[in-house]
């Protein structure tokens, strides 16, 4: 049983006298979790993954008998990729008595709701959003980020590349002209440099080449890249931009000009779109690559369910992360028997369980995700039907790459 | 002669009766809007508050469009300027001077509108002006996205709602309902000002310009100056709305200067009723209603919104206000024309 | 430098392909068609369904793009018949909102039919690599786009300014009423031009398909650029659109060359400057 | 005293020269008519005088002041009123609304706004003046009709009222009787005669000043009935300028009209 007194008190205090029906619902009905994500406009494709992952997670929990005997109900709302709509959705959900929220994808939409969590007594799990501000200057204890901070994820990436490929000393960087990708590129570069310096090598890093965001033609920049004379290349573009870029780069035979190609975080999206014309070989970060998580039943179950749902054996990493968001909330409630933020927050702080993406655990100070990192290398293949295959997978512990915790302050 | 006087007389009587019905509706709507915090949850309250702000913003746009006959596609840029001025000031801790901040933001919007209008209105009009303003707003958006101290593309979050200090008392606007009522007051003031401007001598001059630009200049109206004035007023209203919006949303992003924000008033105005003062307000609430009603229909929302819009335009040519008045005239034929 | 120019020309011609239909429909109906980007996208999706991952040859690509153009043109006829013709004679801004609504529905329809996932179609064999011109490496697909843009321009220019059909269309655009009096079926003429405009959107979608990534946001990428093009060139003026596309290419090239840290921004500055210098577009507004 | 002075006016549209150095002066209080066959350049000269387009060379002086490049609204404020060949009024406004706009524009330009700054409705004196003007052009009964609903003749009258609302010193009328029946033309002639009288005598001319009229016209009976002097143009050149009698007897004018307009010849003869 849930702690009934808490629910009554909490709801009455914030929602006021008119919310009586909501309280009644909370007592008798299922535990309601709100999901706010991008389901229209740019970014909709990611929002759809998040919705799928969350829904599959709820379905699994409910089929296993729910949390402490109570079923979970997911209430999904579209943030239309605007802070405005994210706020409207958030307020509608909390106004109807919902205390548990999962939210993604883009940082601005997450930043819109963060300041409200504490007063509303809401516990929020953030999917994705690598920006530092979420766990630093805009930190609020009611939020946990099950996304990867840029320093951990891409600093670790740079570290791995410098470690694995000590012979590559000249690097070129390409990124879209937006700030979030500038941060990612910078952390990758600093990860590279730090590791190389620790090994006593000096790297030559070129100034990042900028390409227009949501652009139509990248050939000018591609030509600049292929004439850079570097051996290693880090490509930091997103979604459709990335695919168009690789596609237009094909006639330049970009993959032959560089000894090492690193994609930021598009993982198999690129391969799935390019098919037989995939690059020879590239690395990418991913949060969830189920094929490499064979001893993880949670991952296997989700993978199976997703493949049945979408007929796609290569789910995007967002599916895994959003699945784990719901799982985290469920685990927290299991541990504390309450959905009140006051009880749930310490419970989640102390959690450590195996989710689909690996070990799920948070740093206590700033609630940053401190789980595992996964990097994959994949490329063109003549033997597979898809035209590409994944060559290798690297797992690393993420905690050591986490930036220092400075909750409430800028790093 | 006498028959025309009679016609005139009955015409006025009809207008009075119908406008009485509308007045009752208007008062009822105003009461419901004012009582919103008691009637609904914070989600709908937030939406209604936002819609009120956008309604004021759209009325400002419509002042330029339906009165001066100029279509700007870049009003989002001015809204954005107001919002950023307000956001920066509040984050810097000047919350007790919030009213002053709004004034400054409004002036900033007016100043930018003046600069743009001074150059652009002499040279362009019609669709060229529309695209020019659209490009300027896009330019602003790109600039904001590249400005690190304004938060780049993630914008400025955590904007505190202010406690406004007057000389004798303090007004705490931190809570949702309190700020909501502040928005209501703001809407009343701004709509009042806009109504006054539209229906006064300036409004008459501008309409004259819109109806016949050459004739207007041959009755001694300085066309350029009056258009510029309308451009500046519209810009000031947009920036003012933006300044009030920032603490309501508590976050501002460069997307405020995007095409969606700039095309909103156009949609509202056309949906609500062209060349009508209250058209944009009605349109804004109608649009909000459609949006809210379809919020759970994820995936097909676009098709439904598009379908409704299309239906409205094809069936109700005069927009909602025009069709409503026509409907009233038909329902009460006795009070209508002879 | 030559390379930058050729690449920018590629962008310019790609934009022209999209802008051509947009300026055509403006010429005859005086509307900015917001749905144009969506129909461009529809053309690309239709083509991708027909050619799957890779068109077998250049001619198959062109052929399927033409088929897609025809299908999109039929959609355009439907839009003209059920929506635009019903709004004839009332405030032109209603057309604007109507095309906006059509855009919403088209994008929604595309999403429900083709889904949200990114798709990619490769250039046909022969166009997937590059050639050497004066010691500069040039991707062959760039040349294909440049040629396609040039050919489409020449055909349009011939049809509009030289041929009987074009003169008729110009007459309709100038004075529909008188043309009707003279025994010419104006509404039919309008229908044909509108269908042609939509068909051009679809054709552009098909031709540019191997160059871009298919996603429901594809329409937005080009729409604003196409708007800018037809405005700089002079609304409704096909030659103007062509010249403006070249100007955009040059501006973009200079942008890449001299100001690489702000990609894609100078176009807006250039556009503002152009409008202030030539308030009615470089070649002036034209009814077709 | 001359109120309007044209010296050396030249105007070209592209390569085509339309006006070849026109010199003329208009005296205060006279009715000055400009005639000439179609394409003679009357309308162009008219446009140069009103400010609708500017001369390429030469000067236009109004009341001794150089106004060659002054825009229309400034000339209007200085006392130039103008009507168009096809009456141009503010269609959706009511008749009285049309006149009110014009009166308010004048008052604002003269800084004599008698309305408090916060007032929405036009001041009582403005409304009174507007009604008075409408009465003056016999439109008082249709004050609340939308201008669109007025007949052609009524629209011409309304336009005249709008123009007079600016209290012009010189009234420039481009074919005031164009498209009217003979009966209506006579009415217009009478109206013009009447408005030129000072207010005390039932006319509409302001504060004791003499109203000057400059008009282009095709109907010779209107011209010979009203005009004190006539300027005759042909192919962009002034070929004669003088009193009605002088023009009647000018051989050059006869020649111009002989080959062109038979009907005119009869009247001249």
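Here are some notes:
To keep things simple, chains are lettered A, B, C and D as they appear, and every chain counts its residues starting from 1.
Heads up, the rule we're going with is that contacts are C-beta pairs under 8 Å (C-beta built on N, C-alpha and C of every residue); 3 or more make two chains touch, one makes a residue touch a chain.
Fair warning: this is a prediction, and the values are worked out from it, not measured in the lab.
By the document's definition of touch, common neighbours of subunit A and subunit B comprise C.
Of all chains shown, B has the CA centroid lying nearest to the centroid of every protein CA atom. Ranking all chains by how far their C-alpha centres lie from the centre of subunit C, first place goes to D. Measuring from the averaged C-alpha position of subunit B to that of subunit D gives a distance of 42 Å. In terms of their C-alpha centroids, the spacing between subunit A and subunit C amounts to 37 Å. Averaged Cα coordinates give subunit C a centre that lies 50 Å from the centre of subunit D.
Subunit B and subunit C have Cα centroids separated by 33 Å.
Among all residues of subunit A, those that touch two or more other chains are 177. Listed for subunit D are no residues, as none touches two or more other chains. Within subunit B, the positions touching two or more other chains are listed as 146, 299, 301-302.
Taken as a contact graph, with one node per protein chain and an edge wherever two chains touch, the assembly fits none of the named shapes, being neither a line, a ring, a star nor a complete graph.
Across the assembly, chains come into contact as A-B, A-C, B-C, B-D. Residues of subunit B touching subunit C in their complex: 71, 119-120, 123-124, 127-128, 130-132, 134-136, 138-139, 142, 146, 259, 263, 266-267, 270-271, 274, 299-303, 305-307, 309-310, 313-314, 317. The residues of subunit B lying in touch with subunit D in their complex are 1, 4-5, 8, 11, 196, 199-201, 204-205, 207-208, 211-212, 214-223. Across the interface of their complex, subunit A is touched by residues 38, 40-47, 50, 145-146, 148, 152-155, 157-158, 249-251, 253, 255, 260, 295-296, 298-299, 301-302 of subunit B. In the complex of the two chains, the subunit C residues touching subunit A come out as 3-4, 7-8, 10-11, 14-15, 53-54, 111, 116-120, 122-123, 128-130, 137, 139-142, 210-213, 215-218, 220-222, 225, 252-253, 256, 260-264. The residues of subunit D lying in touch with subunit B in their complex are 50, 52, 71-73, 76-77, 81-82, 84, 88-93, 97, 100-102, 104-106, 108-109, 113, 115, 118-120, 122, 141-142, 144-145, 162-163, 165-166.
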